[in-house]
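After this come two complexes, each holding chain A, first together with chain B and then together with chain C.
Coming up: the complex of A and B.
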């Protein structure tokens, strides 16, 4: 028995606050040292991290397996792209709309999901992911969606005459939005709602006996998860300045799921590692072998799972616990 | 003549079937407020099924259960805690990977009202609720001797400790009626004694009415004011412990089971 494991209770001390401040300073610092290509990559890390964060709430915390999270990413991306390309909205104004549309779709998907558990839910959400590119290509919608060609948007620029390039600004903007999302998610999970989510994941019948309404909780979690992932999609659309149906195929959903597991399914900070994995590992695999990048990617993934079976988030937590190991709790 | 207090719990002709199996064949009894009512009966006699009917997990086909003056028929499971019904589970249904602290706090869920938005923004109402729950939690950790394991994952603890966590999780919700399904299961003699003392200690301060399913006859007889005996989904006795112990049907049911168990032991030896 692993009685020496302790579970973090979400308390936030001075050390954590300092660590967080240092981390943010480094992230902001990147804006001034990285070239525009790397800034683009970092922006995508943030976008994917936010997308994975949505999945963390749904699958990691509440135990509802979603293999279709890419659909919400697509909805967020297209909401932003349609408003920017067709209606000349400024990029920042599209975010609340992308959030609302994604949340609405998540809410609606939540209803059938109530009747499905485990693997059936996984397959149903997967079906959603598979159908998204086709829906985006439908001719009847192509006035909005740009059909197979997709949509191209203008590059965002720094506001108020700030002395920043567009790349710098978009990175910092995304970082700010990302921080806000992480803060909201962290708040959500460390109190009453977060405990209810985990209780549902662990023991739904007991959770209900404690007063947790399963239906309401799951549907709202779907909506929030979709909203956050949709905002990740919106950030990526702003950075890429282009959306097309085939960027949102089912592989994206699987990739987000990989990011979730690699980061640690129920770790909020782990989502950031997940985002970095999604953005960097395919490139690294490609650098190692142009001939078989897929095999290298697979090997790296397997290596990760062997080294950190509970994801980066779980691994870091275990290390911290070992560092300040407390004596075994005495139990009778 | 003294007026009897209105019962807190009134089980009326409850029938529960699983396919062809009649798990409860029309069971009726009342439990008065602030009483401990033992519910005994051989394995498979329908005790857990009755608990699940009271807590809304099963929907009974016929009859009615009235609690605190209102019918529980059709009330959703997750409303039961709010009505004042807390429970533990025969096989322990903890949130295994959550800490003891978190497990117990989930028991206070129905006392809060803050939702997704309030929590995400960590509004003052959330802080107030968390503080209130934390105060109750600390008292329970002390009362049930769980402070030392408060941050351990519940699933990693020995079974008797897990049972105490379940009890704390039920108590933090301030139930009027507490359903305990075999709380002494897996406990040794000393631990059963401690449990009896604990039940005695908490019933007053927590203002509890307890429905206690237990095989440990000595425990049931010691702590209960009333005992209801079931066999094959039917009530065979209802009265004070002394009355029920003398009931020929109860003696027969229990002797029957003991004889059967002796045989099984002999066969497996």
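Coming up: the complex of A and C.
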């Protein structure tokens, strides 16, 4: 990326804490003022943001490119849907399973692809994303996956007799899980592991010389990234109450990739912006024409690569720094 | 037995298409170490152009040649405008641009030519069944034409000064430039050539799979598998890999996993190659110097 990438300082001052608290208060507040359709949209923003967050760790911090993150979104969604629809599990209990299954598949795909450098992960995940809808449609599994028709689940209700509608509760539940994931990612990146991840991104050879086990770190990061994206998928399945193979096509993976680039590849708050972008831009674009979402996504992707390679998140950070008259430290 | 022969024959026919696209991918990879994810969409766009020309009354082979020339120009323009500024950019930027290009071309195809599936005329006809009816006339013609194209490409690289210069530019840009090779111009030429090969593959496959904006997405995946199987830095390997993937895909589709899982065969091949022989059958193992 740019020469001005920085190792995040990891300090968490009073201003940040206040800003974060205010932001959370606003997000929680939405639960009580928005109508059910907008609450559903906000829930999807959270789900997509969590999915993009997985990519942020992998691509932004570790520098490995996945073009098939939609596959893990699908795996998370289907894990939740299968457990809820076929085995009557409560929605909240499916999340750990969705996380574990996604992480396992991530590990299995990452193992062959990440021992090697370069574009092998991008190629393998591309192949995974293109084949996932076919795998989900297979007849042999249709008792399990619902085949082409997909699966329908019951709506989640607020527990303990809380005076909340189902939509409000699902939104708040997703928001809680989302916060947990963002906290996890933030914690992971600011410590020793985070520094190792960034070292791999900037200079793999130097990182190895300093004692970072390249393959192990990359494979583990990919598994964590798959897990987080899988949880995003599970949240979306709970909100939509329906899964079908064709909603997890290759375009979903590309959409997540675009969300990552727009939000800022190495910006954790940027993932939230990416999630909002994914949820709202296609709605606007579809009003123009059927071809418009693809064209707009493509043009935005190329435009960002040329003009704002660190995305909105990176751009905002740079502006804040400039405002504080603190120059960006030179890295290279 | 008859069924098996039939599967192998049509596997070779589709393998010819994968081999062409794989060769186009490897040519660009060798020169720039970029994998062109938009290769398939560029070929689809070319095929739409060819269909438009045919509908406008141009005879098939005239439209074929015209489309090849236009695609060559498209490749050169894409290299000049989008890829040259990205030459030294990190890998994420180039992948981003390729994916962006894929989306834009796909959307343009749908916007200009429509999303409906269109039939595409085949130039190859026969009065009576050939080779005992195991293969259709189109399969024979298509395979033959692809082999001719691939041979021409090989002759060009092997026996012409320009081909030598292009190989030099891809193999060692710095030394090539010191010897007076115009490396940037060679890169542009390479892109044009890759786009032209892709266009030929698109026109040849369209009568079989029918034409719509997403025609090439599966084919691109098999081409990736073929390129990896043959070795991503070996043009000959990519061609052989493409044919092998075509046959494997058909055999697995017919006898093992069923046609509904055919795309998964590509994924399995990619994973198997990466596990067993990452450099591919004909590639060199990568050694990086610190």
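Here is the rule we use: the second predicted complex is superposed on the first by the 290 of 332 C-alpha atoms of A that agree within 3 Å, B and C clash if a C-alpha of one lies under 4 Å from a C-alpha of the other, contacts with A are read in each partner's own complex, and residues count from 1 in each chain.
What we mean here is this: a contact is a pair of C-beta atoms (placed from the backbone, for glycine too) under 8 Å apart; a residue touches a chain by one contact, two chains touch by 3 or more.
Treat the numbers as computed from the prediction; the structure is a model and nothing was measured.
**Student:** Applying the touch criterion given at the start, work out whether A:22 contacts chain B, chain C, both or neither, answering first, second, both or neither.
**Tutor:** neither
**Student:** With both complexes overlaid on chain A, does A:122 touch chain B (first), chain C (second), both or neither?
**Tutor:** After superposition on chain A, A:122 lies in contact with chain C alone.
**Student:** Is A:205 touching anything from chain B or chain C once the two structures are fitted on A? First, second, both or neither.
**Tutor:** In the superposed model, A:205 contacts both chain B and chain C.
**Student:** In the three-chain superposition, say which chain, chain B or chain C, touches more residues of chain A.
**Tutor:** Here the partner covering more residues of chain A is C.
**Student:** If you stack the two complexes on chain A, which partner ends up touching A:112: first (chain B), second (chain C), both, or neither?
**Tutor:** Touch status of A:112: second partner only.
**Student:** Per the contact definition in the header, classify A:224: touching chain B only (first), chain C only (second), both, or neither.
**Tutor:** Only chain B is touched by A:224; chain C is not.
**Student:** Check whether A:100 is in contact with chain B, with chain C, with both or with neither, and answer first, second, both or neither.
**Tutor:** neither
**Student:** After the superposition on A, what does A:294 contact: first (chain B), second (chain C), both or neither?
**Tutor:** Touch partner of A:294: chain C, not chain B.
**Student:** For A:188, is the partner it touches chain B (first), chain C (second), both, or none of the two (neither)?
**Tutor:** In the superposition, A:188 contacts chain B only.
**Student:** Using the superposition described at the top, list the residues of chain A that contact chain B and also contact chain C.
**Tutor:** Overlap of chain B and chain C footprints on chain A: residues 1, 205, 209.
**Student:** Quick one: in the complex, what on chain C touches chain A?
**Tutor:** Chain C residues touching chain A: 33, 35, 37, 82, 85-86, 89-93, 95-97, 99-108, 110-111, 115, 217-218, 221, 224-225, 228, 258, 260-264, 266-267, 270-271, 274-275, 278, 286, 288, 290.
**Student:** Okay, in this complex, where on chain A does chain B touch?
**Tutor:** It comes out as residues 1-3, 5-7, 9, 184-185, 187-188, 191-196, 198-199, 202-203, 205-214, 220, 224, 329-332.
**Student:** Contact residues on chain B for chain A in the complex?
**Tutor:** 55, 57, 76-82, 86-87, 89, 93-99, 101-102, 105-107, 109-110, 112, 114-116, 119-122, 126, 129-130, 133, 145, 148-149, 151-153, 156-158, 160-161, 169, 173
**Student:** What does chain A use to touch chain C in their complex?
**Tutor:** 1, 59, 63, 65, 67, 109, 112-113, 115-120, 122-124, 126-128, 130-131, 134-135, 137-139, 205, 209, 250, 254, 257-258, 261, 265, 289-295, 297-302, 304-306, 309
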